[in-house]
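Two complexes are shown next, each including subunit A; its partner changes from subunit B in the first to subunit C in the second.
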Partner chain A sequence: MYIIKKNDILNLAKELAKDHTMYGPVVEDSTGQAFFDRVDNIDDIDMAAPIPTLPPKHVLFPHMETIMQYRYDADQKKAEITGVFDESRKALFGLRPCDLEGILCMDRFFLGQEFVDDWYREHRSRMFIVTNTCIAPFKQCFCVCTDSGPDAKEGYDINLTDIGQYYLVETGSKKGEDLAKAMNLDKAAEEHSREKTVRVEKSITLFEDIAVENKAWISRVMNRVTTGFIDEAVWEFIGDQCFECGACTYVCPSCTCFNVVDINRKDGESLRLRTWDSCSYEGYSRMAGGHNPRKPVEDRRNKRFFCKLSYSQSKKYLRPGCVGCGRCAWVCPGDIGLPNVVTYIRREISK
Partner chain B sequence: MNIQKIVTIPEIATIDEIKEEIQDVKTFYLSFDNKEVDKTFKFKSGQFIMCTVFGSGEFAVSLPPSPEDDRFHITVKTVGKVTGALHSLQAGDKLGVRGPFGNGFPFEDIKGKNVVYVAGGIGLIPLRSSIVNVLQHREDFGRIILMYGSRSPDDLMYSYNLEEWQNIDGFETFITVDNPTPDWKGHTGIITTLFDKMELPVDDTVAFVCGPPIMFNAVIKEMMDRGISDEHIISTLERHMKCGVGKCQHCGIGRTLVCTDGPVYTYRQIKTLGEQI
Partner chain C sequence: MDYKPGICTFCGTGCGHFLKVSQSGVDGVFPSRNHPVSRGRLCVRGWNIHELLSTTDRNTTPMVKKSGTFQPVTYEEAITEAVNSLKKFLPGETAFLASPRSSNEENYLFMKMARSVFGTNNISTDTESGHRNSLDVLNEGTGFPGMTGSIGDIQKSEVLLVAGMDITRQNPIIGSELHMASMNGATLVTLDSRTTQIARLSDTFYRINPGSMKVLFNALASAMVANNLYDKSFVEKNTENYNEFIESIQAVDIESGAKKSGLTVEELTRLAELLTKSKSAMSFFTSGISGLDRDTIGSIYNVFLLAGKIGKEGCGVNPIAGINNLQGSFDTGCAPDLLTGFQSLADQKVRTKFESAWQQALPADGGFDFDTMMKNGSVKALVVTDHDDGIIKYRDSLDSVEYIVYIGAFRNDFQDYAHVVLPITSYIETDGTYTNTERRVQLSSKKMDGDANVMPGWKLLQTIANKAGANWNYTSPSDVMNEISQLTPTYSGITYDRLSTSFGLQWPCNTSKPDGTIRYSLESAPRKPLFVKISMDTDIPSVTDKFPYLLMMGKAQHYWHQNNLMHKTHIPLREYNATLLLYPDGYVEIHPDDAKKLGVRDRWSVRVVSAGGDMEIMAKVSDEVAPGRAYIPYFIRDMITAFLSKHIDAVEKGEDATIPVRIEKV
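So, the complex of A and B:
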């Protein structure tokens, strides 16, 4: 464990920037909104920025990505296929703990199943991750319900915690340890780590009522979602409020459904693109020929919350699919973000 | 059997020959351009591949050939953009192939049992692989029965195979059409009317059922009424599919994915999925 003076914190980022493409939280002046995006000027990184509007999943799993390129000469009967992989070194600086859990979900899903996703692996394998402990939650946060904050537990290379004059620097990997050594950081004293504990415990007391109330309920709700003992009327009530806009899936750190399309360029080259998709869209499960086995919107809503809150999906993520960032509650025009869905199911259980 | 899978980048294959089957359905005989792959490409009956039509996209398609001693081919009905583009191709054109994916039909586990195949229309395509393979090892199985129905005599798939199969000793074939043509000499009526024409084995029996949902449900009911248990009724499902390897999630059904947990399910499993098939 080390410490670094608060004013020097971006020196860490500058050191990383020597051999990494940097991504970090930046606050847009005109709107006050925070984004987790590529930063060319390290001084733009704002460690006090609120939780970013979009999670950093787009760094590892871009909105739209060329995964393959091919050319087919129909006259010569000649086909050439090349896989396109992003082998650059990236560093995520100042990641919030919930977003780190989102990345861990994606790791286990893309890399830990029967098949390994080569595109994701290439994005991920050279990545350096620096997390930033939330010493106060934001309004929509409920990571205390899903065991994913306000402090990161594993998966980071370096974990930073604001302890007043300093940041406490915890290393979680050899890469992280090497960087701390190379920077000649001062060793932390016991009082520094004690201060962190105090601040994290304080943070936990500051969550909104809905998060605190749902905390005791989330496992019961998960049990109900898994076993299917939820009245159809609840799903219909939820489905009725769904605008089918797909926003919840776009802002979700662990949603990874994608679509694949081939497009033809004028020069004869074709690109295979993979793009984000959403299970809330009607065309999601529609087959060629028009048969759609998942037509009603409550059917599709039901499936999204099954993905986030069921044991069988949790087996793939080794944790609940929801990381408690609250972004879906933030963007949903129908008021069926995950915390509200938990509340609706809770009401039905306790009826 | 250790099966090498082509997971990420498709292997290029050549269409050696195209056979018109019935209206809108063609069979494409394929071989891999890479000789090593062509030699080592193995699959189980009931598995599927992801097939790239260059310039159009990729689609999931079942494998109708037997895994042993059979020409590698796919049989495709034109239903959408990519299959439409496939149908416009000629012999000599190239395709991309990834796979094989999915769990496949049971084979070793059902040796010694009676095997009943029930297919409706193009539902015979995925079952063909298992039928041919079981016929290749006829002595290892009990009674082998095929019940096949289609809308009209012109909609009967693999007519050349049907002819051949009807002449195989010990292979009981029953064929029916809903709407006969004047020269149709066979049985007429929906597929469930075939059950009265024969004595269906019930003990030590596995049934493979594949066809449109309405036919599927009628057949299942008939079989369960006669006493075949739901865990011995096997089917293969289809879903919109993009990756074939459990990542895109489009083929989710219940808590399973058709691409990695399926496409072959027992009826007992299908009942627990809680979704339309």
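So, the complex of A and C:
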């Protein structure tokens, strides 16, 4: 464990920037909105920025990405196919713990199962991750209820915690350790790591005011969702409020569904694209031949919350699918962000 | 940062978004959390707009048709050819069809070109019958030709009334605002012939008889007067001609009106009470291609004036524009009888102002809109800008049109009928402003360079005008906006500088309202509002033994307006195909009881027969329609040309359009 003076924190980012494309929390000037995005100038990184509206998912799993290019030569009767990979080295600096958990979920989906996704792997394998402990939760947060914060437990190269004058620097990998050493960081004393514990404990107590009835019921609701004892009328009530926009999926740090399309460009080149997809869309679950096992919108919503809040799904991710960031509640045109769904199900349980 | 702030240009809501712009183009989108309209939300179209913006199905080179096929040529050659050909036609034979998708600057220059360069007032969008009716009614009533409330006021309103609009599909984020307000305690009431999503989300839903909207509102007004359930002191203090209106409305029979519309007299009275006794109330109806007719809009407006729910916070009569710059296309004078900001062409003072600014005499004879001209076959030459596929409906009557110039960024099937095609850049490759349904003028800044060989619209229009003898010297879209503000009292405080540091300004924006105008208000209005004169006839379409079903029409979310743009996306296209692959030739929705009676099941073919014609189409069995009713989403292109074209009069009633039909098993 090391410490670094608070004012020097971006030196760490500058060191990483020497051989990484840098991503971090930045606040867009004209609108005041926080993003987790590529930074041109390291000084733009704002470690105190509120939780970014855009999670880092897009860095590893872009909204739309060309994964393959092909061209058919009619004269030679030959097709030339090239995989398109992004092999750049990327560093995610100042990631919030919930977003790291989102990446770990994606890892288990794209890398940890029967198939390994080469495109994801290329984005991921050279990645350097620096997390930032949330010493105070933001208004919509409930990571304490989903076991994904307020401090990161695993999966980072370096974990930072604001302990007043300093950041406590914990290393979680050899890469992280090497960087700390290369920068000649001072060793942390016991008081520093104690201060971290105090601050994390304090942060957890702050959730009591914001993570009230809805969020605190998550584990109970998971039980209910898993066993399938939820009244159909509750799903219909939720389904009626779904505008089928896909937003909840798109902002979710752990949602991995995608669509693949081939584009025949005018210049003769064909592209294979991968784009984000969402279980809220009717076409998502429609099969060849027209049958749709999840045609009614409430069945599609039911699917989403099964994915986020069931034990069977948790077995795949080795954690709940929901990481407690609260973004789905921001973007939902209905009123069915995950915390509200918990409330609706809770009302039924309490009846 | 790769995410650049901008505005979504699909529908008239005008949501804020960020586009992810990289070297490869636009490959992502994200909602704007602090934007006052959308507050962090987007709909399925908005969430996938990058798919459209990265399409290669664009016009990239000027083309001239030579012996039946298009040949790529230079702009110089294409423009010379177009101008020389257009000059051969008389101004009266030439029509200019503007697009409700183009920016204010492009539409203004297009309008200026039609009038001052080619000497014709035949300038219009093809949405005359819809939004124009809304603007006319509001202008006659209040002198305020735009949405009298605003989207931000929805959360301040106690009662929200949706009149026959599938709002969560057409303008989803406004639908979302209504739902949020209802969850926070407002009373949401929907009147519709179908059980739409907003109907299911409403506190009260009245499934009314198709085509009875006007009859319902007139009976409602009559019930308000008869039961003294109107805001008498408001009406007497704030309105003119109320005696006359009250007298005329008393003649409307409440009981028969209620019966015809499918409500009980008690329900009508409850609605009257709700509207009048609440502190604030707003109404929402669709405006644009499927907009309501003038009388129906007038009847809604009159009820709200009678209830004292106009000109105050949380109040208003709100036509909801389907297309992004529909309001702006009227604001910039794309109508035969209007100059900018709803200034009348017939007004000599206004004409003089424009003539001296443009240093050109304006044509004196009034022009005609495109629809009217196509109907009477008087179009010989046509100039069209960036259009949705809906325009294809005219293809069968194009024989009389001798010359067509098409200007557009995206490929459109209609351009195959053109003689010259002139490409322009898309909206993210140049600056431009767009005016949303609540009169919010928003700047969309250039985010990336387009094809180096393609001109932005404003520049192309200037080049054409100058080739035709004008002397325009705009150096940027900002210059064009400066000219619009100088000539338009409602836009006089709007500049690019001010727009670039805000989320837009709602007109009127001028010296007395430098920060724009949230809503039409009684205090600052130059005159008192008037009740609008409408016909009180009580005819509604009815079934006969021969035609026992009432067929209704409406839009669908992913493919509204037979949208040319949606074809160029992947996810929204797939969502459309989710429907269209199941029902490849379109569908008619019928109630399960009727399906049983007819002996058909879902996806079986049926024949829909009307007095005007017939078509074979698949049945979609659904309880969203009542028994005895049938519904067709009118995005299905071939149906429009083949069947609905025989029912133009009914179709002009927009969302309230109803045709009596017979349905037969095939």
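By our rule, the second predicted complex is superposed on the first by the 337 of 351 C-alpha atoms of A that agree within 3 Å, B and C clash if a C-alpha of one lies under 4 Å from a C-alpha of the other, contacts with A are read in each partner's own complex, and residues count from 1 in each chain.
Everything below uses one rule, namely that contacts are C-beta pairs under 8 Å (C-beta built on N, C-alpha and C of every residue); 3 or more make two chains touch, one makes a residue touch a chain.
Computed from a predicted structure; not experimentally measured.
Under the clash rule set out above, the superposition-derived model of subunit A with subunit B and subunit C shows the two partners fitting side by side. After overlaying the two complexes on the shared chain, residue contacts for A:259 are found with subunit B and with subunit C alike. Superposition on the shared chain A places subunit B and subunit C such that, viewed from the Cα centre of subunit A, they span 80 degrees in steps of 10. Shared-chain residue A:279: touches subunit B; no touch with subunit C. Look at A:310: by the touch rule set out above, it reaches subunit B but stays clear of subunit C. In the superposition on chain A, contact of A:241 is made with subunit C only, not with subunit B. When the two structures are aligned on the shared chain, A:53 is found in touch with subunit C, with no touch to subunit B.
Once the two complexes are overlaid on the shared chain, A:198 sits clear of subunit B and of subunit C alike. Contact with subunit C, but none with subunit B, is seen for A:30 once the two complexes are overlaid on the shared chain. Put simply, subunit B and subunit C get as close as 8 Å, counting only Cα atoms, in the superposed view.
Residues 259, 261, 277, 286 of subunit A are contacted both by subunit B in one complex and by subunit C in the other.
Taken in their complex, subunit C has these residues touching subunit A: 1-3, 5, 16, 18, 20, 24, 27-35, 40-44, 46-48, 50-51, 54, 56-57, 60, 168, 172-173, 175-176, 179-180, 183, 197, 200-201, 500-501, 557, 570-571, 574-575, 577-579, 581-582.
Against subunit B, the residues of subunit A that register as touching in their complex are 68, 70, 72, 74, 77-79, 81, 83, 109-110, 113-118, 228, 256-262, 264, 270, 272, 277, 279, 284-289, 293-294, 299, 303, 306-307, 310, 312-313.
Every residue of subunit B that touches subunit A in the complex is listed here, in rising order: 7-10, 12, 14, 52, 54-59, 79-83, 92-94, 96, 238-240, 242-243, 245-250, 252-253, 255, 260, 274-277.
By the touch rule above, subunit A contacts subunit C in their complex via residues 26, 28, 30-33, 35, 37-40, 44, 53-54, 58, 62-66, 240-241, 243-247, 250, 259, 261, 263, 265-267, 273, 275, 277, 281-283, 286, 290, 292, 330-335.
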